[in-house]
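In what comes next, chain A is part of two complexes: it sits with chain B in the first one and with chain C in the second one.
Right, the complex of A and B next:
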């Protein structure tokens, strides 16, 4: 079998995601989101997406909400902890009931992914028992297990069209490696019909094969996107851009309080006007980007 | 003889209250903020072999700075092991290996149930909260759960508006009835005014100690349920000189903990 080169350019990757699809987003809170790709979806105003923020999401989900991309959100959390206890547009949308929210905990999303990747209808968890979550989500079903007669919660599988992840390196065949924690990215890749991964760097296959234990999965499409997780961290490459996160949070917060000026400026400058990821990076600026180092 | 510090701020006292609940060799699951501070004080003070885990998969981290979130990569270098989320949450926690979980609650009730979802009716909310994150399985399955909350009639409640994370639910036997593991549940509720513990008979939080500068009567008044007071109610032990030295010289020279004063922990 002749293997194919899976390196794609940014716009070809974004073309895969169309209105109404279900997508799962990788990374974890302030780390390793495929923010560059997700920003592209926001710029294109892709509509009616069902988004699984795996397993706790951050402000990338918040700006998708603001740009009207999300119809239904499956998430345990939308925020950036110390930088923002919660996403301002998420808070507003939840209070106005303008998006559907499938309320859950991280362990419930993980069970959903475990069911989906194994091709079984549900996966059992103990988390969620006794809480108000099953009342909100009738497809979370408490049941007695047939082996030990214990109470458990059945979490349904969910068809995922595309997973969007960000990693450190990949080769042209889509073999993906992380300089650190892949969080739940491996699970969403295995649960999704296809996976698009942005990477800091594309490397020769020989480089991947030097350390095959580090390969986490094989993506269906790989997009070269240096600083692709910005303003979040990408392990081994850069830390969070807290100044940018603060700029976002202030602008978004003011917008939810009725003052759109800073948000309009932010959205134009960083989401709408840059035609691609590199143009976005130009807006952020070399000095800011190269200051995001740990040591 | 123990010498106590005199110039400490309330968040430092609260962090020390948390630290004292952690024993040597405990496996502790922590987030950012108070939980990490408490667990680190314990490690430097009386529990050198306690092991901290973050839900992101990091085990026994030794970060060089304060983490922005539990997903902050500064937790990675120097850690003993890094697994994935499913190892920590799905396996360690669900299998019952975690001794201590440490959570903060936007709203906490007398049974230690935690609401981080919504204030008011879910369908018609007064205020949306951040969501569960990974709090639910921690409160469901850690042997002991330590809870941090602000002490007023809005943050504490007779009954939470929404149960995101189970405490003792609606009282004795409820956790077992629902299928949560035996001998788990809230151990202590540390507020900015007091330390509340849970009565093994009634599962209700009662006043165990009041922080220096507060009185039992004031705390009963500030609590929205009929707060029982322990027969041996006493003043909370203040931070020792050594605990404060650990906080200020070792863990938090930048005094990040003082941001909690702005959040009302005074």
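Right, the complex of A and C next:
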């Protein structure tokens, strides 16, 4: 019997994620999100997702909200820093109460992942005591620890169906390596029941074995997606597309102020009409994509 | 000498940072980043400087870069190591200091990045989220509050939502009682002045007024009663040497101007 090749095409990967699931997104703020796959979920209007936007998330969560995909959101931040202090649709949804927000900070998310990957009921943290977080998020439970009798906050584990991450390279057996910081992707992968990773490039297994210390985890499914993190950066490959981030933010912001025109145009052009990731890249254009270099 | 108020804030803060300290700088926070790099160049060659997720050595960097995004990977050219998220986040209690801001800052140094609620609990105004501040404020050895705007909307008697605890309601010993290892906010730095906290009830107290600012301006722009000391001093403005380093090496693009 032959070892299984885990390379999947985009639509097979998206088929894994169905209404009502809990998914965890990798990357960190404006870097290394599996934006191509996440855009696919938005296009398909997958519903009622619980989304863990770890550890701090960005506009990929914002457009999922806009497309009605998110029921519950676990995140410490939704925004694009200097391009947008916060995601416009996130702000609107929070103010309309149209999504449920599991209030936390980054360390609380990591504690949740820690508990989940260790298979234990909770992981303790100190941050949050004396704040309003336990009131806003009743899942965070203050308790006295049995060893030193100190005040701590218990962060419960969470069942995570699928992790979606983006990395630099992987081989056909799902061994994933990063040309840079994997952020919290390793914890996310270890906490999730299964992991789908989009990569800039698929490499031969021999290339992975050349430096096995660089392998961060083994994904269950690998999707080849060059520029898969766009408009965010992918370390060692391309920087953030600031012009595109600004285009998004402007359109989304106007939409939350009641003027839908630019957002409708954006959504049609970049989310709904491209049938797959390569068609999306065609919309962005070769010139834009290839200008996202370091110097 | 001509300087922008944000330059003064960065220079004043840089004097607080001691050689050898581990300093955390978060996302999209130009004053904090400038203060840290300035301290490193002026008097702190052993300050553990981070740029985004990198620990960097800027000894031979003529100019540091401005960073629009925390995850910008270009500081890798100066990096000695990279932050390991899986371990770093649990060892923030080893951080000597960091900087925090808020959509609200209250009389006892609590801050709010979450939002402002109506009476029924729903959000009238939603903020960006806590990022890492809830934990950092609890565990880092000390920290500084930076406000880019000083007005009664930001400076309130009590935060509508507390996302990072300063001194709670000011009860003496509250942080110890909650077993929070950090000492809490040391100073609050605003465009009008520098504020500390009274030793007993931890209420915000004027420490110094920036040159040209009056006590009236502070009182009019603060939504609570600020404690006023007997002697009001003036904030030392940036020195020529500080400004030179700031403009040539730390903030060459003039982000603070």
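FYI, the second predicted complex is superposed on the first by the 293 of 295 C-alpha atoms of A that agree within 3 Å, B and C clash if a C-alpha of one lies under 4 Å from a C-alpha of the other, contacts with A are read in each partner's own complex, and residues count from 1 in each chain.
The definition used in the following text is that a contact is a pair of C-beta atoms (placed from the backbone, for glycine too) under 8 Å apart; a residue touches a chain by one contact, two chains touch by 3 or more.
None of the values given here were measured: they were computed from a predicted structure.
**Q** After the alignment on chain A, I want to confirm one thing: do chain B and chain C clash, or do they fit together?
**A** On the superposed model, which is not a single observed complex, chain B and chain C clash.
**Q** Given the touch rule stated above, what does A:107 touch, chain B (first), chain C (second), both, or neither?
**A** In the superposed model, A:107 contacts both chain B and chain C.
**Q** Based on the superposed arrangement, let me know which partner A:136 touches: chain B (first), chain C (second), both, or neither?
**A** both
**Q** After superposition on the shared chain, which partner residues are touched by A:231: those of chain B (first), chain C (second), both, or neither?
**A** A:231 sits against neither chain B nor chain C.
**Q** Scan A:30 for contacts with chain B and chain C and give back first, second, both or neither.
**A** Both partners.
**Q** Once the two structures are fitted together, what part of chain A is touched by chain B and by chain C alike?
**A** 28-32, 55-56, 75-83, 85-86, 90-91, 94-95, 97, 103-108, 110, 125-133, 136, 150-152, 180-184, 186-187, 233, 235-236, 239-240, 242, 294
**Q** Which stretch or stretches of chain C touch chain A in the complex?
**A** Chain C residues touching chain A: 27-28, 53, 68-74, 76, 82-83, 85-86, 89-90, 92-93, 110, 114-115, 122-139, 161-165, 168, 174-175, 177-181.
**Q** Give every residue of chain A touching chain B within the complex, in rising order.
**A** Residue positions touching the partner: 27-32, 55-56, 75-83, 85-86, 90-91, 94-95, 97, 103-108, 110-111, 114, 125-133, 136, 142, 150-152, 180-184, 186-187, 233, 235-236, 239-240, 242, 294.
**Q** Could you please specify the touching residues of chain A with respect to chain C in the complex?
**A** So the residues of chain A touching chain C come out as 28-32, 55-56, 75-83, 85-86, 90-91, 94-95, 97, 103-108, 110, 125-133, 136, 150-152, 180-184, 186-187, 232-233, 235-236, 239-240, 242, 294.
**Q** Of all residues in chain B, which touch chain A in the complex?
**A** 31-33, 55-58, 64, 66, 68-74, 76, 82, 84-86, 89-90, 93-94, 117-118, 122-123, 125, 127-137, 140-141, 162-166, 169, 174-175, 178-181
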